[in-house]
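Provided herewith is a single structure, encoded as structure tokens, for subsequent inquiry.
The chains carry the letters A, B and C, assigned in the order they are written, with residues numbered from 1 in each.
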Amino acid sequence: MKWTRKDLVALSDLSAEEISFVLDTASEFKDVGRRRLKKVPSLRGKTMVNLFVEASTRTRTSFELAGVRLSADVVNIAAQTSSLSKGETLKDTAKNLEALAADLIVLRHSAAGAAHFLAGRLRAGVINAGDGSHEHPTQGLLDVFTIRERLGRVAGVKVGIVGDIRFSRVARSNLQALVKLGARVTLIGPPTLVPREFERLGAVITHSLDDVLGDLDVINLLRIQHERQKAGFFPGTGEYAALFGLNAARAGRLKPEALVMHPGPIHRGVELDGSVADGPHSVILDQVTNGLAVRMAVLYLCGSVPPKEEA
Amino acid sequence: MKWTRKDLVALSDLSAEEISFVLDTASEFKDVGRRRLKKVPSLRGKTMVNLFVEASTRTRTSFELAGVRLSADVVNIAAQTSSLSKGETLKDTAKNLEALAADLIVLRHSAAGAAHFLAGRLRAGVINAGDGSHEHPTQGLLDVFTIRERLGRVAGVKVGIVGDIRFSRVARSNLQALVKLGARVTLIGPPTLVPREFERLGAVITHSLDDVLGDLDVINLLRIQHERQKAGFFPGTGEYAALFGLNAARAGRLKPEALVMHPGPIHRGVELDGSVADGPHSVILDQVTNGLAVRMAVLYLCGSVPPKEEA
Amino acid sequence: MKWTRKDLVALSDLSAEEISFVLDTASEFKDVGRRRLKKVPSLRGKTMVNLFVEASTRTRTSFELAGVRLSADVVNIAAQTSSLSKGETLKDTAKNLEALAADLIVLRHSAAGAAHFLAGRLRAGVINAGDGSHEHPTQGLLDVFTIRERLGRVAGVKVGIVGDIRFSRVARSNLQALVKLGARVTLIGPPTLVPREFERLGAVITHSLDDVLGDLDVINLLRIQHERQKAGFFPGTGEYAALFGLNAARAGRLKPEALVMHPGPIHRGVELDGSVADGPHSVILDQVTNGLAVRMAVLYLCGSVPPKEEA
């Protein structure tokens, strides 16, 4: 197929064919990280701006390395130092970046819809690196990439996603990609964090991890945000860990080939025990490696679409 | 002409011929931003340090991209993390940077004279990126570049600069460049912010925007600093906007070809209405694009002067 | 000799031969900083991460430039923005960096042993850029490099190190390198800051600078930390300067060829007078220049050792 999108805003926009095409492209780029010379000239002379209005060292670093390995020139702009704090609107910031001839803008923002807003107004490509509770499409892609690489397929795979589904952009992007590629998704967590609406997106919902644990091919444990606890969505990390934490005993009940995933950074002893994070089921570090390959693929594909003339 | 300055400290130092030479050089570099491969090897292997003792994402990003597109190696140093906060003097910081074989130091500093101080003490080229209320020479250059490009000339052009003239390094650098190139400059604002002394620099002063608006070829709206309001220099942004803001009604009285400029970031509804910022007179985003070309020219010219032997 | 270490954790680990080999390699790299094209392709396509969990602009900048001049891709991660502050352990952070295929990790950390901990757990090379009060090996190397370059030898040279020995990683790394290369080291300072235990490392201890000043070939003045004063280790900077500061009068009693060193940033008027810092004995800026050469050598050597297969 021919890739025609200058932006990656949400996996809900992509067809199954497009998702598979990104994954195939990422497979080719994954090899670059294993070479002595970890660099290809694909985006040489292109300018990529990492605009992180919400802080995230991990995602910023992964995108920065992805750009650098494609030979792009990468400039980092962090929220706290940007003129956004002087009252400039997001659109003005972005128009300024475009006036500087930025080719790609990677945007992390606390507001759902921020990347969509920019993508429609700029000739530059806009890559959503997480917008509020909406989507985090490269995380969704790297998770299905990891499943496909490890299990050889996505269709029919039984994936459980555990935790704070309600507020999670990671869950939303995973759900979009997994359902489109034919996986069977179960969302697991307390009723306050796993609302019934998600059934309409094609998922099964349960409030008991133990009921489904032995049947899963993949268990993806979301990060617990302490802010949610304060807001009354769950009683405490101890109780959360007791009900939904993947401790060693629960891990012993997993299928032999089951994968344990986590978007990181992990809380050892909360979402999962340290022994499980470092154990044979864990593919958590593969996810990190694959994230770089997926981001290279996305930057390469979106950065290679010729810009349209401005309306 | 042959460029002989290793530093750009103030436009008050430059002759009209030197200013025109920078603008001509910038015209050539402007083309680089339009290419697919936005890079020339002019400063390859040279080290440029962005030393921002006062924060400014926009100017820092513009200089960083200018350096990168000239293939220089660019290192960013921000005030809050520098050893300046451990009590090291500016001179010691700069001598250290020179000991690291920095070729160019781009300095943003809250003290007027900081760039001049360093320029006289270092073999490295020093580019003033704004020193207190003194000068911001690349801003002055990009503004006259924009006027020259759009109107075909600077001599005889009627330019109004509106706002906080008293404390504005942007106003000072504009005034220097414009007067030298033969423009006719009117400074506009409340008496507290537009003192009479500026007449000696070759400008006309008025306290009524409406009196001169229809006669201007260019109107350059300076950013209002809320700190000035607290200090009693003007009563409030509402009253300021009523008297000096370029709203849609006032914009309707501009000459058809008049240019609306602003150094950014803009306050929509204060210095100008959003509709005017995005309207047909506005060249605000051209200024951003031209700023990059002008900074490439300045870095290239100053970075290509062979260093003198130390005294 | 053949360099076999992927890590540089502590000079206590190195043999005299290894130390000399780094210094010889640094001599070759020093020339790069004097060229017009300050770049060699030695680490092209390699990824270096500057992980500064404790802030240090000077050391970070020096390592960043060293990496860039070796053509490595350098990514900076600062403590305050890293997920370490979200409770991720140092090991998890490092494993993540390794999953991103980082080849070299330069670590500054407030905990003694942090670099050692990582070095044993990662395939990537780990360069200690200062770990608590333990070691700062590249500082020790650049100091002996400077002595060797200026005086032609290290063996037999009389070196005085003045100040806060107890808590100083600079003192520890200097002492290791100097003793191994045959220098005669005297530690000088108040009894609270220069404990007797250091005699076991091969140093002579004195509490009177004036007793030994005229006999030294090198005097290395450590930075005074105000925190120590609050904790009662010395009465005040005025009294400290009176007893241990290298003022102009004391500098007049130095041997004609004696070197004055300081790791920077200096407190003029405390550890030494400004006239001495800028005077004929001072090699403080040579130390900065040599630091870059030494860091290039260390990155080059450790970055060129083939990684072992994971156990």
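The working rule: contacts are C-beta pairs under 8 Å (C-beta built on N, C-alpha and C of every residue); 3 or more make two chains touch, one makes a residue touch a chain.
Everything numeric here is computed off the predicted structure, so don't read it as measured data.
Listed by label, the chains touching chain A and chain B alike are C. Because chain A and chain C share one sequence, their contact can be compared position by position; here under half of the interface residue numbers appear on both sides. One finds 40 Å separating the Cα centroids of chain A and chain C. The multi-chain contact residues of chain B, meaning those touching 2 or more other chains, do not exist; every residue touches at most one other chain.
Interface residues of chain C facing chain A in the complex, by the touch rule stated above, are 44-47, 49, 73, 75, 77, 81-83, 86-89, 92-93, 95-101. The touching residues of chain B, when paired with chain A in their complex, are 33-39, 55, 57-58, 61-62, 64-65, 68-69, 78, 264-268, 285-286, 288-289, 292.
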